[in-house]
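In this document, chain identifiers A, B and C correspond to the written order of the chains, with residue numbering beginning at 1 in each.
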Amino acid sequence: MTALDRVRTPRRRSVPKRLVAGAVLTILLVVLALVSLVWTPQPTSGIRILLKLQPPLSSGLLGTDQLGRDVFSLLMAGAANSFAIAAAAVALGGTLGTVTGLLAAIRGGWTETLTMRGCDVLFAFPPILSAMLLGVVLGPGRPTAVVAIAAFMVPVFARVARASGARILALDYILAARCAGKGAARIAAEHVLPNIAGDLLVQATLQLGLAILAEAGLSFLGLGPTPPAPSWGRMLADARTYVQLAPWLAIAPGAAVALAVLGLNLLGDGLRDRFDPRLRGRT
Amino acid sequence: MQPIRRRRLPTLLAAAFAVLALSTAGAAAKDGVVIAMGIEPAGLDPTIAAPAAIGQVTWQNVFEGLTRIDRDGKVRPQLAEAWDIATDGKTYTFHLRSGVRFHNGVAFDAATAKFTLDRARGEKSTNPQKQFFETIERIEAPDAQTLVLSLKQPTGNLLYWLGWPTAVMLEPSSAEDDRTHPIGTGPFVFDGWRQGVSVDLKRNEAYWDAARRPQLSSATFRFIADAQAQAAAVQSGEVDAVPEFGAPELFASFKDDPRLETVVGDTELKVVAGLNLRKPPLDDVRVRQALMMAIDRQVVIEGAWSGFGTPIGSHYTPNDPGYVDLTGRLAYDPAKARALLAEAGHADGLDLTIKVPQMTYATRSAEVLQALLAEVGVRLTIVPTEFPAKWIDEVFKRHDFDMTIVAHAEPLDIGIYARPDYYFGYRNPQFDRVLGEAEAATDTARRLELYGEAQRMLADDVPALYLFVMPKLGVWKAGLKGLWANEPIPSNDLTEVRWDD
Amino acid sequence: MLLRRLIGLLLTLLAVSLLLFLVMNLLPGDPAAVMLGTSARPDTLAAMREAMGLDRPLPVRFVVWLGGVLTGDFGTSITYGTPVAELIRDRAAVTLPLAGLAILLSILIALPLGLVSAARRGRRADAVAGLFAQLGLALPNFWIGLLLVLVFASELHWLPSGGFPGWSAGLGPALSALVLPTVALALPQAAVLTRVTRAALLDTLAEDFVRTARAKGLTRREALLRHALPNAMVPILTILGLQFSFLVAGAVLVENVFDLPGLGRLVYQALLQRDAVVVQGTVLCFTALVVVVNFLVDLAYLRFDPRLRAAS
């Protein structure tokens, strides 16, 4: 930011707003998801054929689906499912990616070239296709969704970890640590990781949003968790032929996905502003 | 969530495109027809691969058989105008029509018929119904118009089987290319296949059967997988007919449209939840009967197929000759089901998995079954199993399953329960005997009586939970006549289709 | 540098094709069984496998396939019986225009929005553009597709809700079938692009040469258009390149929603039928497309950024 700009730009109030809005939205959905584990307004399994396709407010807050299940209850349980898969995928992809990226940064040379080229190959392969192939090998279900989503996150985290890691590794005190005889693993754990944790956290938050989108897409194609576990993507897929008859069935789950992703993105942007003031207000 | 707010720019854009779209609507000529199908055939030769869609495009339109099956499921002469059956039921002498030519000009005669049947039963045959031809011991063509089949044993169904898509007559020099460029003797000539989009047919101006010359000059089969898109296409007039509409929940919306005619018919698709009798707990007939009594078929039909469909109590449809209504045999009675489960030692309930293909009818039915069985303490785990590849591998070949659910498409296929290695694992010598007698019986009344007996055995032994027959939900433009209302065999016979002015 | 990238590109494609071949041929499920369905018998299965050429050993099949691909022959589909190259060509005639139109539309939306929000940073216009970007990132493209169908096809009957009449049906019907899918595919892309454009513009605005230009008396707007925009093209192109593989993935979903006979549906269907030759050919083309696009983006860098040219 330059002095010139600072004069012209009004004081920015929106930064904390974004963070707060994102945090509130995310916390709200996480709380709903957690509550669904012990209580939902109506049971999410069990069918009530006589109550099928009731419009919103006439039966439950958001009406019922083609089997007479309460849509709001399904959305709550779907939130738990979405967040669980997204979190697992980010944890898996993030860990693998970070380790790979750090390894590349510390070792350099051939290791670096090879891992980064490997990331390029992974990146070039359209993620949805690898997910479809995985779905065939493992069969649809939670593990498939988690692995498929994690797979396309590995290169993302690897790149972030390598870039940020390389920045830290160039600093003098790392040289000092090396001279003191510390091994690569210790240097990575004691000096590099804590310093790039912020970057990784920001990336993880943003990737969580992407993971929720990806989970919805996979479930939409029938590669997500299996019934009776409710899933936003599968609800959308089921709703397709009911669009005219019962539009709420198509609108509600999509809105849920959108809110969850919006919350996480706002949160991620807000966190980035905090951790990296250089980028403040840029994105 | 608010619906999309319309702004000016998109409105204008959309309006511009609407004009483009409108200019093409209703362009279908009155002597041609566009038929929408949900599944694109894999190849166009029904004698070398199983998918029903192949016959639904080519059978009776491009290809014809020695006999044909009509809209009521009855066997009629076609390329064989008559036949004599020896008194021992083991020799069939067919008198073939003269003056029949294939679309490439080659004449049809006894030699071509012999070639076709030999190809179907030969060593290299990939005919999906090869067992139909196993009964044939010897084929002779004493002259161009006579074909003599000598059988190993009397086979009451032979004439019926010869009417199937898998037994259509091919021309030797073009047979290898039939999968991409079919050449038959039928009323329509193949006119092109745009993979993923459509197959075009045009009228065979030299068709041999003067009495049944088609009135349509051309026909197009459009492949539209998504039911929503099928609905839109028939409503906008882009297609003239959807003989087998894929989404029952949308079907009601056609009823109010005066431009459209809706017809609910029967198919041969029996939706059954197959059980694995090879291993506990489903080797116990009490458990199987309890499961059957836990199922309210009407709820299944309502939940899975919006109330369209006919409940069945055995592996037989109301279309089929000799049908017996057995839905009352093990009628819905959850209390009795619980008691029977307890008697079988499962008072604390039971855990089962069901392997479910991705087709809508299967996934929805499975969810309903899951809920219904939970009521009697059976915890059903749904395992999505990709169809056909994985399902065939795991369920059909390796018998690795507890329960599964598929629609059996083949007409009159009760005989699968007598096959030794079929996936249910049903072994009942008495059933095999009854069925063997039925298939050999040349007297119709006796045969139907035996089929009735076979149906009852299945209803009592429950090798599968018999759920419902898929309806044939037909929707087409008012004024289009001659399409089949029922589907005694998967088909779209266009011979008699015409526009009524 | 360029040569090394080119060799890397070829190696990537070779790795992908080997991987693909192995995966496809080791998948559970036998294509012969798929074609014969529930009436398959051991003898017809064996005959079918022979007819499909599946009785030959794996390495032989790989070499034959790869040799064919190198000479432009992608083999014959075991389900359709037609050459894979033809299938891909026909389907690409749907997917490529769809992807191209979506990129075009997303640029048409994103560049002006990015410019406005950079020019009027912190004001209301910036906030509105920011909101659009946030929403665009959060909405699943297949859901946008469903909503578009609900409004423009089911309610207003302005546009077809799906299906593709083919280019032979005329430009009008074909294009109108692509309108809704294009919008559904373009909106999320436009959102990403808007953010990147804005950030890139603000970045370059802060650089010395722009400040020099301002000092010479250019207005902020002139500086933005004449100096900042051309220089902001590098990051914008990068993102376009990176997003391309997401665009392809999105096309698979969107083709599914709108029932378009494109490459995505072809792959999906071929996978279900275990038509390995078709899956291999199509995915290889997909990957090649992504890799080549990224390569072209690299080339474009050199063109737009003289500093990089000097470095290479």
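Everything that follows uses one rule, which is that a contact is a pair of C-beta atoms (placed from the backbone, for glycine too) under 8 Å apart; a residue touches a chain by one contact, two chains touch by 3 or more.
A quick note: this is a predicted structure, and the numbers were derived from the prediction, not measured.
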{"item": "Category of the chain touch graph - line, ring, star, complete, other", "value": "complete"}
{"item": "Most extensive contact between chains (C-beta pair count)", "value": "B-C"}
{"item": "Centre-most chain [mean C-alpha coordinates]", "value": "C"}
{"item": "Distance-maximising chain from subunit A - centres being C-alpha averages", "value": "B"}
{"item": "Distance from subunit C to subunit B - Cα centre to Cα centre, in angstrom", "value": "38"}
{"item": "Between subunit A and subunit C, centroid-to-centroid distance (C-alpha), Å", "value": "22"}
{"item": "Length of the line joining the C-alpha centres of subunit A and subunit B, rounded to whole Å", "value": "44"}
{"item": "Sites on subunit A at which at least two other chains make contact", "value": "136, 240, 243-244, 247, 251, 254"}
{"item": "Subunit C: positions in contact with at least two other chains", "value": "27-29, 147, 149-150, 154"}
{"item": "Interface hub residues of subunit B, defined as touching at least two other chains", "value": "3, 226, 228, 386, 389-390"}
{"item": "Subunit C-facing residues of subunit B, complex", "value": "3-4, 6, 13-15, 17-18, 20-21, 23-24, 40, 42-43, 48-51, 123-131, 179-180, 194-198, 222-226, 228-229, 231-233, 235-236, 238, 386-390, 392-394, 396-397, 406, 408, 410, 416"}
{"item": "In the complex with subunit B, residue positions of subunit A that touch it", "value": "45-47, 49, 52, 66-67, 135-136, 139-141, 222, 226-228, 240-245, 247, 251-252, 254-255"}
{"item": "In the complex with subunit C, residue positions of subunit A that touch it", "value": "1-2, 4-5, 9-10, 12, 14, 117, 120-121, 123-129, 132-133, 136-137, 209, 213, 216-217, 220-221, 236, 239-240, 243-244, 247, 250-251, 254, 257-259, 261-262, 265-266, 281-283"}
{"item": "Residues on subunit C engaged by subunit A in the complex (per definition of touch)", "value": "8, 12, 15-16, 23, 27-29, 121-123, 127, 134-135, 137-140, 142-143, 146-147, 149-150, 154, 195, 198-199, 202-203, 205-206, 211, 214, 242, 245-246, 248-249, 252-253, 256-257, 264, 267-268, 271, 283, 286-287, 290-291, 294"}
{"item": "In the complex, subunit C residues that touch subunit B", "value": "27-31, 33-41, 43-44, 47-48, 50-51, 79-82, 86-87, 90-91, 147-154, 156-166, 168-170, 172-173, 175-176, 179, 258-259, 261, 265-266, 269, 272-274"}
